Amino acid sequence: MEGCKRDKVEVNHLCKSFGDLEVLKDCSFRIKDGDFVCVVGPTGCGKTTFLNLLTCLTEPTSGEILLDGERADPRKHNIAFVFQEASAFPWLTVEQNLRFGLEIKKKPKEYIDEQVNRIMKLMGLEAYRDSFPGELSVSTEQKVVIGRAFAMSPDLLLMDEPYGQMDVKVRFYLEDEVIRLWKELGSTVVFITHNTEEAVYLAEKVLVLSQKPTGVKDTVEVNLPRPRDIYSEEFIAIRNRITDEIKWW
Amino acid sequence: MEQMIRESKKREALGRMKKESIRNLCLGIVGIAGLLLLWDMVARFGIIPKNLIVSPWEVVKTLAIKMSDTKPEGSLLLAHITSSLIVALSGYALALLIGIPLGLLMGWYKAIDRLIGPVFEVLRPVPPIAWIPFTIIFLGIGLEAKAVIIFLSAFIPCLINSYSGIKLTNQVYVNVAATCGASRWETFCRVGIPSAMPMVFAGMRISLGNAWSTLVAAEMLAANKGLGYMILMGRTYGRVDLIMSGMVMIGILGIIFNAVFDRVERFVLRWRVTR
Amino acid sequence: MCRRGKRRLAGGWHGFGKACALPKSNKRKAAQKDGVQKMKKKLLALFMALVMVSGVMAGCGSPKEAEGEAASAQTEGEGQTENKQAEDGQEADEDEPKELTKVTLSAQPALHSLGIYVALDKGWFEEEGLDVDVLTYIAGAPQLEAVASDSWSVGVMGIAAGVTGLVSYDLTCLGFSFWDYSSQKLYVRPDSEIALAGQGQVEGYEGIYGTPELYKGKTILCTKGSLGHLQLLATLDALGLKEDDVNIVHMEIAAAYQAFLAGEGDAVCLWSTFSADGEGEGLIPASSCEAAKLFVPSVILASDKALADEETTQKIMNVIFRGTMWVNENREEAAQYYYDLCIDEGVTCTEEYALSYVQESDAPTVEEYKAMFEGDEFSANLEMAMKYYIACGTYSEADMDKVMNGFDGTMLMNAIEFYEENYAE
């Protein structure tokens, strides 16, 4: 039950400015352990900056981000990030890519073997074990990236519009994939998208960001059963509500 | 399904590559044959005076004779080749061992770049031959001195290409490593270096060419064996056939090394496949 | 390498300037009609080219103007008459054009070639109707390469390069200038076992230090193909050793000297300034051309093309011999010529060294030349050099025949006769 779930991520009065440009202003929210949260907002509102702050790739100007009650630190915490751009290491095979994060974390070899095999089976990547990303299609490569992220059994999985470059069919397929993995592995996922349909399809909770200086405008609960029917009235209603909130015109 | 498409594409690509390599081989043979013909004509019809050129057949004859005759410069062809290989490869190996790591570190760590960069920029324009007097004083006249002359010409492309290669590392890959919790050093080793490999190999290839072409200059320092020495003696005694034989031998060895290098590069960079 | 000689300005530059001014009527017509304009431009270009060519030809044919230039460089009284002629003006040129035969010679900044530079400066070539350019080379190898592309017709060089010229470049030896062996020495360090062993232990060659055993396996820095190398071969022969008994490392002389001072090698072959410098550093001459009894001269070589024009080549030989004799008899003034030559060519030299250098070797006297010719000693020198080269495999017996047949001293003898008739005191 949600009330029993502890806070995985706590964001308190987060602010970020680049020089005079105030990007994020006084963002505060909580994400429960095991939640699937989508973050939507108008283009250029600072979604990527927001994620960069969560992964400590950038320092906040003020405010704090807590992971399991401690300051977020990629060395201590298990954070995985799936970028917008294809980010599978081209010089590593699929298997080596999947092993990467775990090797950085210096996990024992047996554990890495087990985990990587499990992910490959789960995602149907066994046939590509010794292939290089350059030999794969874009969608398979992105699967590798997602697999690499999930292989780390991350405390927090951050995904920055990972399907932005793909066509509809591939996007639907990968959306189902990520839901499947999320259920299987119980990770906490923060998924950035500008596609409200995708947000409503995937998320349990949708954070709506405002225009710059960005803050959390609204939090929308999505309590629809899975698999979600994108044509159902409730789905469309939630989608429209979110669309209304983010449109700037 | 995707697997079947992938395999069929691979077969198509292999077939295309085979046709292309046969075509390229034929073009290469035609090119070389054309050059040999032109060379023979020029020598035969005295377009260039006969004291300054001999025909390709004379070169082949001289090379054959030099396999078993030490005259006039005192060593067999194999001894010259071995000596030159040792000098060139020593200098080349030194260039790789110093140039590549230094370039990678300079490209990754700003402090190292700021420390060594200005010194490198000052020394870079100095031609290797200009270093000969210093190498004689500090290293003598043996293998070390000659290898250093070769090194000075070969290490520059290694360093510059390694530097540029690692500077071009895609920030996304660096971010992936950072989010996994990798330190700067781990990111350097596991992301920076592999990412820079294509440029590093390009630098190594240029360096190999530089090492070969500096061979004659290095052997001018002091020698009693070597292909460069053979060329110098050919010049001293007016034996154009010796000069050209030395040049052809250097060219042939250069081709062989390039071919070997190609193989090695294709294996190490086998991940560089196009979709 | 640099080109010395006279630079001629084309006498027709003035005419060319006039031809550049277009008649006004032509200009107007050109502006009016396109097709006619293009045709006229072409004609104009042709006309201007013809004027330029005729101007250049006029310039070529005015020796008096060229002589006037050379006169300013002359130091002898002969120059004054020519100066006066030049001052009389170009009208005299146009009345009596004197045809000078153009020739290119080659030489080195060394005593053996000094006669050529002296003769050039004193206008002796022009007296013989020759317009001479001299190409200067620091070493024999590039000098010989240049003759292969017909860059020069007659040249002076050391006997080591000379032999290569006869074998590989089909040149002919016309004779000798100065004896060339004085400063050619093999140096060792004063504390080396060879130096400490002292002289007098090699039978027949009392000037050589040490014993044959002491030389075996030694590393000797030497410029292969030079007279220094020949001296080394003669030394090894005197010691009963072969080239393989020592380790000869080929180096250019400057680098060899520097390396030797830095502690490399056991012995080094030096000559001229390097020998003088080395002895100043305390190095011991373990052997030399004299000690190894290698008394060789420098050689005068001519190409086939030069031999086809016997008259011109004879004139060249006449002047070279005259210049050589002058140097032989006027060492102090010759020293100044040598010093200036070195400065021009970028060769390290001091005035003191120039004076000692020009005094260290002699040219044979006229009587000695005659005696050598009658006793067939000219070929003997070439034979001696070849003997050492054949012994170490550089050349073969077949090459020896070529060298022996490559000598023709007739022109030198004629030059000696000419000199005795016209200039000898």
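As written, the chain order gives the labels A, B and C, with residue 1 at the start of each chain.
Keep this in mind: contacts are C-beta pairs under 8 Å (C-beta built on N, C-alpha and C of every residue); 3 or more make two chains touch, one makes a residue touch a chain.
Owing to the predicted nature of the structure, the values given are computational and were not obtained by experimental measurement.
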item: Reference chain B; chain at largest CA-centroid distance; value: A
item: Chain closest to the middle, measuring from C-alpha centroids that were averaged per chain; value: B
item: Chain centre separation (chain A, chain B; CA means) in Å; value: 48
item: Between chain C and chain B, distance of the C-alpha-averaged centres to the nearest whole Å; value: 41
item: Chain A-chain C separation of Cα centroids, rounded to whole Å; value: 85
item: Touch list for chain B against partner chain A, complex; value: 2-3, 6, 172-173, 175-182, 186, 190-191, 194-195, 197, 270-275
item: Residues of chain A defined as touching chain B within the complex; value: 55, 57, 74-76, 79-81, 83, 85, 87, 89-93, 100-101, 104-105, 127, 132-137, 140, 152, 158
item: Of chain C, residues touching chain B in the complex; value: 141, 144-145, 147-150, 164-165, 167-170, 221, 224-225, 243-244, 247-252, 255-256, 258-259, 262-265, 392-396
item: Of chain B, residues touching chain C in the complex; value: 49, 51-52, 70-74, 132-133, 136-137, 140-141, 220-224, 229, 232-233, 235-239
